[in-house]
Structure formats: structure tokens, C-alpha cells
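Lettered A, B, C, D, E and F in written order, each chain numbered from 1.
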């Protein structure tokens, strides 16, 4: 089993704490093994890092600065190439180990399937976990071409893993008829956009929440660097405002997935992912402060 | 003369009927011979097909599934390279032949000039045909560099071909002063956007309508894969909603033109065209159902 | 010192006057020497010119045609490569010389730092000059990595250069906390968008105004061809409408900067810059007419 | 288990026989699951097909024409995404089934690991099979990051599978010190180039031979479309002449692997692969004729 | 009919004579109307010009400098888009007119078909003209998809146009069996490479010669920017040395065709074409000197 | 002044020593301030590093492994953007400081001008230093557009800096007539290729030698990722063999310059540079061993 060293592997302005001091741990999961379309999300974590150094640490959206909080980037979880099941185990063990140290975690994908072993580890710690899911795709298939573990089934698997927690889905605009029917019954679905995301807080209260952001929820005009782009998505400001509207929610973990840098030669998709990371990191840190108030 | 075989050349989930059973025939016209800017729309039909297999057949916009209707893709009309006038004849004959079989037709371009011989064939069958034209460019020049037959003159030629039918133009944001003056006099022009497109039905009633979609009506942010991109266009959702607002109109034929795949290395433009095809195909099929009610 | 020849170097439909007759002189400044990120704005002026010939001279946004006014393109100011200070002097001298001939000037960048020597020359002629600044970045640092002259400090230098003139800033969405604090104190800042730009006229009256457009104020979805793209920008129509809302302002000079053509393989960014040039040129010409009324 | 339909899925000039009549069956294996570098060979088979139609069927290198022989393209073996071991089984079963019908087979990759289950099936039919291996990489590791089944171990696995057959290796220019030591002991290694390949015939006589062509044996100047390009390879003519020098060898099967089309935007790599297929197909067919003499 | 102005449209170091003084006239023919594969050679002439300014005027291959001779670039022949036959006439008239002024001519393509009307004009002036043809393709078809005028038939048409002149073909590596048979009978064919090109002089003596260089004679590794790349071509030095070996031949006209800049994002293909132009221009000028000796 | 920390900033298999133990120090100089063509060599050092991890440490060319020697990568020298003269001073001081610690140094460019301050520092330590220069360009101009410090003048400046040392130039194929005349008089010039490079040892004996490799000495087919590509260069094997033929020369320092990664979308140029680094590093280390024999 490949285990993370829990050391600060990469340092940038704003993300330069040591593991012991960090409230929030950032790690990459360069796995794209079940991608059925254009692969390449394995390059996602490094795509984000390419742009972090050039990014301002200050967010004018939140009037907050990353340098006022403690973040550490522990590098990538090593992937046993060619085996999905071993990969699932490996991710699960690593996340469990970080949770044991009482860290909040932001994972950089990689494909969306990585959310499954991550959420499993979170549910083991937080029994009443809810999931907020931003995505173009429902990802609710029972199986995909016979496989239970797939980027197209990940939210179904997560649905089966949660206890009483809700799945809130936003931005969904692609799926089979069956997936939409399932969503209407069993998840809290807002198709096409992020309308109503500000109401999550009133539903979940102080319950722990996991935030899963498949960046293809964005329109491919601003985020072409992904395996399965879906025209008709939200724009960057809608995404950022949606994220910020969750600032009072008790987010204990998050992932930002499906960045495939090689499909965007302009490099803009990397920047989009890096700025999303900044805003997510800050809302998760601010929450920390709120708790101490 | 190159005539289509009227066989199912390509089969995908959702487009897998045989010619005899199909209500709607899809064919490609890979012609870009009068393109005066960046050529390459000859690759348009195959660009759409590249993405059809990965596309969900279910439209969450309409809550309808392509698998519930009968479509056939009969492949591309072969083009006599180097001769515009022979090409015009060839397209005209093929479309006439399909119309004789009482098919509705969706043509995949190719450059916009192909609409001229197609509409001519439709007018021969449907004397009172109207045309709904979505485009960034007015295409209303009398001639272009001395040529009567050009992508820049196509709507002028179509105007001369119609009997009493109207031309409704939406999204136009580029042209000469003369073209805009002509449009204000002789066509029903909505510049810049698709506002008011939902009123077409009340004007045309049950008259037959031909829908011509030059995909450069879209903003180049979402559709860079075209020969003459014009910033300031509509976004994908405006286009889809505009199309769906025509769902009660008696659309007997349509074209989707000006996709030039090689100019969009991300592949997003191909996906945009494929999804547009799905929505157009469904509204043309649903209409069929309405008639039987 | 490299001085412009003041001859018509490039001729296109709509920009084909001779220097003597031209009200507005267009020139390029292919300098990217302080770019700290992706260089290449040196190719900006030629990137614009690549598209000018294919561009309609008629603006449907303003119902005006470039052929009704007199523009001349005198080519590029030659840059002494490798020396920022000599470059600053060279730009300053050339602009002064054009101003001596009582020309209005539109400069095509190049990086944003070029605005500093240009504005300096304008202030020498127009003591009470104001600046309208459209940009994603505040550009208000006191220094950048120890350098006083940098694309990141240009508006700070300009601030120090103006006498009583205001700096109006629109669209700013990236900067340090200090820059935003400075802006709130010393400039008229509208972050994120162009809201309120139509009120500039009522504040400045007939005072001379310099308009500096860093095209990265646009969202990178429509303008990826730039060195430091910032997601979350304005769309093309907002930019054009913002510019047109300045049509009664006494704009005596303008620049359009930070186009880096090689980072946009679709060529759309070049077209965006060329259309922006058309709209800016027309509002500066129309104003001329207003004065004679 | 996904089994091929044994029907002519794709037809082009020169490859348009039906399964029953075909001497040589062409099929694709779009698997890139153990790729540890840049993925995308899953698009390889379709990359070849994109160019086949435009390719002349006549080879001036051999003065032979594909239209004089019988080839069929039965499409792609479907891959159970995410599981290397199930994929191995699936490939093995399909190849066995084709061999039962006494076909010669040319497989289009996909990554190099696919050669392992293919050769296994061939050895089951041809006990004394030899392998001729053209590649930049030795692929002789015992395991790769703990995995026994990997593109980096495939020739080691094949070595263990053969009975008395030789492995002839040509063009190898990258590997660990251990791999080169292993090769010097256990395979017939010609590093860097294809020198001596014409002597294979004299060693193997009429024994059955499997030809495995990893196209990265070519220099990346002519074949950049691959996951792990290695400068210093052979040029196209060396490869073609090397292949033709095997024309009297009893080649019963072949693969052409590691084409990753998305990494070569010029499309040249697809053409290289298609021409390689033509030459391989012809030498395998001519041999057939020689036997009847 | 669009006739050239016979003025110096573009000026660069080394190509800055006026028409009257120039021994050699350079003009562009941006026609790609019969291209059956990837279009875009219409951008060829401007692709060459993009690089001419950065090119050294001195050739170390010949120890000669362009500044010692008189060249003029008169710009592009305007093309009546959409009509091959009118285009042929237009090219023919323009070339005839330049020949009337006793100029040598170097034409920049555009597709190869342009050589036909050019050679026709040359034969009208030089009855005993020979043609030296460098190309990957034989271009000797009688017709192509029913069309007599096509890039694939151009040398056949030229063969029919010449009186007693020979066609020397070098580098040919693609064609139908029939084309190669025709070539073996009726042209002087050297397949695959340029071997023996130095013997042309001894065969033609002082007869006038037209040199037609289809740049796809080069290997696509060094020249990917073309519509139909053919692996296995000559390298740059072979081409340059081949050209220089013709330095005592009485070359009265030349063309450099099939550059399609958009298919080579690195820009190298443009540079290759520009350097080829330099070497061709110098050998045609030096010959001039030889005559006066 | 920005001084290096002399710490191991990046670690890869084969380059993982600490500064104190390392015989050879690798550092980057991301400067492209005098580039007059396409900029971007500032990304060169990181372009090399992107590929180092995937590169085998074992060289089959030399049968040597990097893991048997001690290398350290101390990261990049920070550049004062916008000032060439300050940059020169900064590089000079850093190199002097490394030389004081008795290190051999391999510098990764950046543009070629960086060799000037580096060689100056070496000459201060090694009075009788010779320079071996591999390049497409002579770089021997006295000044370039009035500037003394330029990538086009660097070897002239170095010539003025050396005491009795020779400059050996190989591969030169572009320059002015004056540069070639200068070279024939004052340097040991081998134009076009690397012929005779194996004789350097017999001329210089045990004198210290600096090796400057401008990677554009390679043909752009294998190395398009550079600012001024020159067709007609050497291939990869010629370069590697040329380098290895210097293995008994006392090389005390080297640079590998002019990699501009963004101009090669395939990534091959980065790999070429990384493999060149491996071979240079090994010959500089082996020499060390020879001395102890």
C-alpha cells in the first residue's frame, strides 16, 4: 500500500504550512482508470499546482487572504496503475489516516470515482455526513458497461454509503432517463444550475458536509480541459458565488475533480481549478473561525 | 451525378433506424468551396458523428429520448470538388429525392451556401415555405466578390426563391450597412439575440418551416470551431431554448452548418453541434406526434 | 531613438487614410519586456491586423461605418530589445510627436506597461487628463519584485503622473489586499464588472480622457489569448456596451493591450481585439463630430 | 465477456472483404489501462482508420496493391474499463476465437500490454512461435511499480510464455541497466536500430513468427503521437524497409501499438500508422502466396 | 478578371526592389479549391511572408546574399472563389502579363493545380520548356473523381501541354499503380528521393526549365504543414542540395506549393518554405549572372 | 541581488544528492529578455524538469547510470525582470559563488545570452578556458539593433572575454555574411554539422573547456520547441554522439539553452533537452573518474 508521507511536498505563497500545523490538508489523486472518454485527469493535480504560484493569495470575492490560514500540500497519493479495486483501497486508507489526525481535506482529482473511497472514509468518521455535489452529470448509474466502480456510477455508490445524509445535486444536465428519475426520487436535484444552493445551510444545520465539485459543472467555454465537456453549464462567477454561499456550512472535506489539462492548450482550465481551490480553501477555513466565535 | 444510397451508413444508439422506417433522415454535405476565410467545414459532418456515440440520447431539456423516435443517418452527399454550380445541382437532386420519399431531413454542413439548393428543393414541394434563420451574419449580399453563389449571399438567394414565405432572422451581428438595410425592409430581423423567436408559431401557424442554424450564431467562447467566428453571440442555453420554443412549429427540414472541427482543438465545438442535432431532431419528431393527436 | 515614419504602413478597408488627413492614428507597440508570466504580447499588434481585413467596417452596435471616418495605421514603434527604460523613452517620444500633430491616438499593445509613457505624454499636453481603466488586474503595486516599471505597477505610476485627473477602474478581480485598499482610497473602483461606467461623462464633463483597455478584463472564455487570464470576467457584449456608453466622453487617446495571439490557437482573441478597435475608433470619431455640432 | 461479431464493421478501398473470405483480419484493441505516462492509445485504432480512406492502396515500396488481397476490419474488441485482468482475458478469448477460424490477425493498439494475451493465444496454436519486436523500450522489467501486467513488462511476460521461440528485439534505446543485461542474455537484441533484421529468416526458417511493432521505435520527429516518445529512433524508411525484409518470414500475426493520436495535432502519426498497416498487411499476404508456389 | 498591380506590395530586407528593376517577380496564388483532403493552402503565401523578415538574406549553402540581386513581391493574385475554371483563367492571364515584361517568376501556392495555368503561359513563351517536378505524389491521374482539373491530375495536364519538353519527377512515393506505370513510360521518374537530379543540366542544356516544388516532397517530420503529408520523404538538406545542383540550369520560372500553415502549430513549415524560396531565388539569379559571363 | 540558496530544490531519481556532496550542480536561468523572435525560453528549465522524472537514469549510449554519480538541482536563479544588465550581473555573481565551492555546473536556459556572464565567471577561475559551441546560429554579431548584449552577439562577447582560449563552433547554418567571415578568421568553425568534434581533445589536451549547447543546433523536426528554428540541423543521434565524443575533454561547465516548451505541443522538445542533460551530466562525471585513474 502506498501511504502519503504527510510532509509538505510543494510550497507556494499561501500554502506553506507544515503538516502538524495545517488545518486543511491538500492532496492529489492522479487516477483516471475508469474514464470511458478522453483520459488525462491524472495530470489534474499538477495542472492546478502549475498555476498556484502565479495566483494571488487574496480573494476579492471574500475579502480574505490565504496567507491568514494554514494549508499544507502533501503531494499525490501514489496509484497502483491498472487496478481499480486496489486504487480504491489505497485512496481509502490514505484519507482515513489523514482523518485520524483530525485534518480537513481537499482532494484534487483525478476522475470523479475517487470521491467514493474518500466519502466512505468520511462516513466512517462522520456518521451523519451529507454530500453537496456540483456536476454536469448525474453519475447515478447502477453500473456502467457492467462495472460497478466507474466515474458514471460514483454518486450511486455514495448514495448507498451514506447513512441518513442527503445528496444535494446542482448543475446536472446530462444523464440517462433512469438517472434523472432516480435523482428526482432519492437526491435533492437542481438541474442545469446552482439555484437554491444557499438553502443547504438551513437544511443541514451544523451537520458535517462533504463538497464534491466536478469542474465540468462549468460551461466548457471557460473549462474545456476535461474529459466529457457538456455545453450549457454555469459560468465561473456562478460557481464561485455558489461555493461562497456555503460559507456557514460545516464542510469537513471537499474534492475538485475532472481537470484534464492537456485538453486545454490555453492553460485557462488549470487557472480555473486553482482559483476554485482558493475559494474552497478559504470557506473551509473561515468556518473554522466561526466555530470558535 | 452522385446520388445517396438511402441506406443506414452510420449507426449509433438513438440513430439506428433503417431508411424505410425513419421519419427523419440525417445526411451530411461536406462542402466548403465558397468559404472566403478559413476553410474546413467539409469536416463538419464527421465532426458531429465523432461525438454522437458518447452523447446521451436523453434530453433533460425536453424530457424526451431519441430512442423513442426513428432516425437514420444515410451518410454524406458526395461533392464534385472544385465546381460550385455542379455541387449545387448535386445537393438539389439528392434532397428532392429524399423529399419524394416523404422524409423530413436534417442536413449537417458544410458551409452555409448548401442551404440554397436544399431550400429550393423544399420550396418545390412546399410552396408556402417559411425560413427561420439563426446566424451571426446576415448573408444577404447581392453578390460577393462578383459571385452570386456564396456563403455571404445565401439568404439573399433564398429570399429570391421563396414565394410568400417569410425569412425570420435571429442573432445577426455582422454584415454591411446595406445588408442590415435590406433585412430591415425584407426580412423579420432580430439582431444580436433570439428574442421573440417563440412568436414564430403565431405568425406561421401550420405552414411548413425550414430551420437553418448557422452555428456561428453562438458566441465563439462556446463554438470556436468555425470559419468566421463573431464575438458577442448567444450562449448554448439561449440557442437550445430558442430551438425548443419552436416545438409546435411545423418544421419539415433543417440544417446545422458551419462547424469546422479543426479550428477547435478541445473538441467542444463538435459536441455543441451534436447536442444541437439531438434537440432539433426531437422537436421535429415531437411535432409529428402532435399532428396525430 | 527609433521614430515612426508617420506614413500609412498598412491599409485595409476602413483604415486607409493618409497621415495628414487622419483624425485618429493607430500604432502598435510590440513590447512585452516586463511580462512576468507568459510572454508574447509583442505579437499583439500584428494579431489585430491579421483580422482587420476580414472584419466588416460597419458596426451594427453603433449603426456607424469606419469608412465614414479617417484612420491611418502607421505601423509599429520599434522597440530597443532588452532595456525597459530605453523602451519607455522611445514610446514617450513617439507619442509626443504624434500629439504635436494634433492627432488622437489608439495604441495596440504590447503589455500594459506601455500605457505609462503614453499617458505621460498625454498629460504633458492635457494637464487635466482623466483615465478610464478596464482590466482584470488592479496594476496598482508600488513595485513588483523590486522593479518600479512593470505591468503590475502601471496604474500606480499613472496615478503618480496625473495632476487632478481621476482614475476610473472597472472589472478588477485580481490583486493583493494592499492594491484593493489603495484603490478604495485613491481610484474610483468598480470591481468585477463595468457597472456605472455610463456615469463617467457626468463626472468628467468635457475634460480630456484617456481610455486604457486591458483585454483581460474579458472572461478568458472569449479571450484566452493573453498572458495572465483571469476567469470571471465580463463578456464581449458588456465590454462593447461599456465602451459605447462612453461615446459622449472626450476621449483623446486609447490603448488596447495584452493580446498574446500565440496562446489562442483558434484565432478568436485576435478577432475580439480587432472588433474592440473598431468600436473604440468609431466612438472617438463620433465625438469629433459632436464637437462640431 | 465481450466477443467480436466477426462482421465487416468498417469498409475502405482495399479493406472490404467479408469475414469468411478474408485471409487477414484486422481488429482494434483500444486499451490504455496500464499506461504510466500520457494515456490516449485507446484512440489509436480509430486514428488509423481516419486515414485509411485517404491512403493509396498501392505500395510503391513493394509494387503491390491491397486490392489484390482479402482483408476485413472487424472493429474493436470491447474493453471492460478499469480492470486489467478482465481485459487480458477478454483479448485472449477474442484472439483465440479468430485463430480457430484459421485467420491471420493484425491488431491495432492500444498500449503494448495487449501483445501479451495475444501472443499467449498464438502460442497455444503455434507451439514454436518466435517474436520479432520493434520498439524504443526493452519492456523487459520483471514488474513495474509492483504490477506484473504493464506496458513496461510485456516482453518479459511474453518471454515467459514462449516455448523454444526466440525474441528478436530491434531499435531498443531506453530501459534500466537490468533490462539491457537481461536482453543481452536472453533475447536477440539489436539496440538503437534495425540492423540485421533481414537475417531473421535464416534463423527461423518456416517457423511461425509474431511481429510486434511498437511505433515508438520511430523517431518522435515523424511519430510524436505516442505516450512515451524517445528521441533517437529510426526513420520511416528504415521501418518500412525493415518490415519488407521480413517478407519471406512466416508471419502469422502482428500488432501495431502505442499510437496516441491526440498528442500529434498535425495528424501525421495517424498516417504513419496507416501506412505501416498497409506494408505489414501486404507482406503477410504475399507470404501466403509464396506458400502456394 | 483580377489583374495584379505590378507594384511592390510587401517589402523585406532582401526583397525590396521595384517592379521595373526586378529580375525576379514573386507572387502568391492563394487557391485551394480542388483540395480533396485538408484545405488551407490559401494561407500559404502569407505563411511564407510571416517568416521572410526574420530570415537571414545570406545563404551559407551558396555563399550568396539576396541583397545582391533584385527581387520584388507583387502580392497575391486575387482568386474568384468557388470556380476552378475562372481561377485557371485568372492565373494564366496574370502570368502571361508578367512574362510579357520579361520577368522570371516564382509563385507561392496555393495547391499544386496552380502549376497548370502557369506552365501553360510559360509554354506559350518558351516552346521547348522542360519541367522539373519535386513531389511526394505523382499527380498523374487522368481525372480525379471525374474532374480533369485537380491537384491529383496536374502533372498529367502539364504533360499534355508541353511540346517536346521532358518532365523530370523526383521524390515520388505515393500514387496509384496506373500513375507509376504512366510515369515509367512517359516521364523521367526517380521515386522516393532526388538521386540523379544533378544530371538534369546535361540532358536539357540551355533549354528553359520550369521548377515545380511541391513541398510535401519533404518528410512530414520537417514539413507537417501540408494537406496530404506522406511519411518517408527527403530531409531539408537533400531538398536544398537538390535545388542547388540545378544552379547551371536555365530556370525561367518556379513554384513552391502546398504549404498549409494552420496544420503546423510550431510554425516550422513556414520557415522551411521561406528558406526554400531564398535558395530558389538565388539559383535563378546566379544563372542570370552566368549568362553574362 | 538574488542569490541561490544552494539547496536541493528539486529531487528526482538520479538527481538527488545534497549540495555539499554534489560534484555537479544543475541550475536554471529562466531569462528570455533579449529574444527578438518568439519568446518563452523562460519556461525552459521547468520544461526539462517536467520530463526528468519519467526519464530512465541509465544511458544505453554510454552504458552508464546517473545514480552512480552525485548531482544536485538547486533550482532557478531569480531574474530581475525587465533589465538585461542587472540580469547579467545576477547570473555572474551566482555562477562565481558556485565556482568558489569548486562545483562543476550545468545551466539550463533561458536564451543563449546567459552564456556570456557564465563564461565570464568561468574565465575568472580558469584563465585558459576554451569554449565548444553547438548552435544553428553563429551569434557573432558585433551588435544587434544597436544592442551589445543580445542572443545574437553572445559568442562575439565571449570571444572578447576569452584569453587564449579557442571557440570551436559546430552546426552553424545561419548568420550574416559578416558573421561567417568573422568565424572563418577567428573561431574554429564547422558549418552545418558536428564533423570533427572528436578532434577537440587532441587540440585542447587537459585545458578546461566550457560546453555551450544551443539546442537549435538540432533539426526542428526533432526540436521545434525553440524561438528561432532553423531547418537543416543535425539529428538527435548526431548530437548525442558528438557530446559523447568529448568524454575525455576536461569539461568544467556546460549550458543547454533555447528550449521554449510552449512552441512544441507534443512535449518532445522537453524530452530531447532532458536526455541531452543526462548525457552531458554523465560525460562530465566520467571525466572526473578518469582524473583519478
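General remarks:
The rule is simple: a residue touches a chain if its C-beta (ideal position, glycine included) is under 8 Å from a C-beta of that chain, and two chains touch if they have at least 3 such contacts.
Keep in mind the model is a prediction, meaning the values are calculated, not measured.
Ranked by distance of CA centroids from chain C, the top chain is D. Because chain B and chain C carry the same sequence, their contact can be compared by residue number, and under half of the numbers here are used by both. Looking across B-E, A-C or A-D, the pair that copies the E-F interface, with over half of its contact pairs the same by residue number, is A-C.
A turn of 120° superposes the CA atoms of chain A on those of chain B, with the angle given to the nearest 5.
Chain D and chain E have centres, each the mean of its CA atoms, that are 39 Å apart.
Separation between the centroids of chain B and chain D, computed from CA atoms only, is 43 Å.
Residue numbers of chain F whose C-beta contacts span two or more other chains: 38, 219, 221-222, 265. A complete list of chain pairs in contact reads A-B, A-C, A-D, B-C, B-E, C-F, D-E, D-F, E-F. The touching residues of chain D, when paired with chain E in their complex, are 54, 56, 58, 60-61, 63, 65, 219, 221-222, 235-237, 240, 265-268, 271-272, 275. Remark: chain B residues 32-36, 38-40, 42, 78, 80-84, 144-147, 149-150, 262 touch chain E in the complex. Within the complex, the chain D residues that touch chain F are 37-38, 172-177, 180, 191-192, 219-222, 224-225, 228-232, 263-265.
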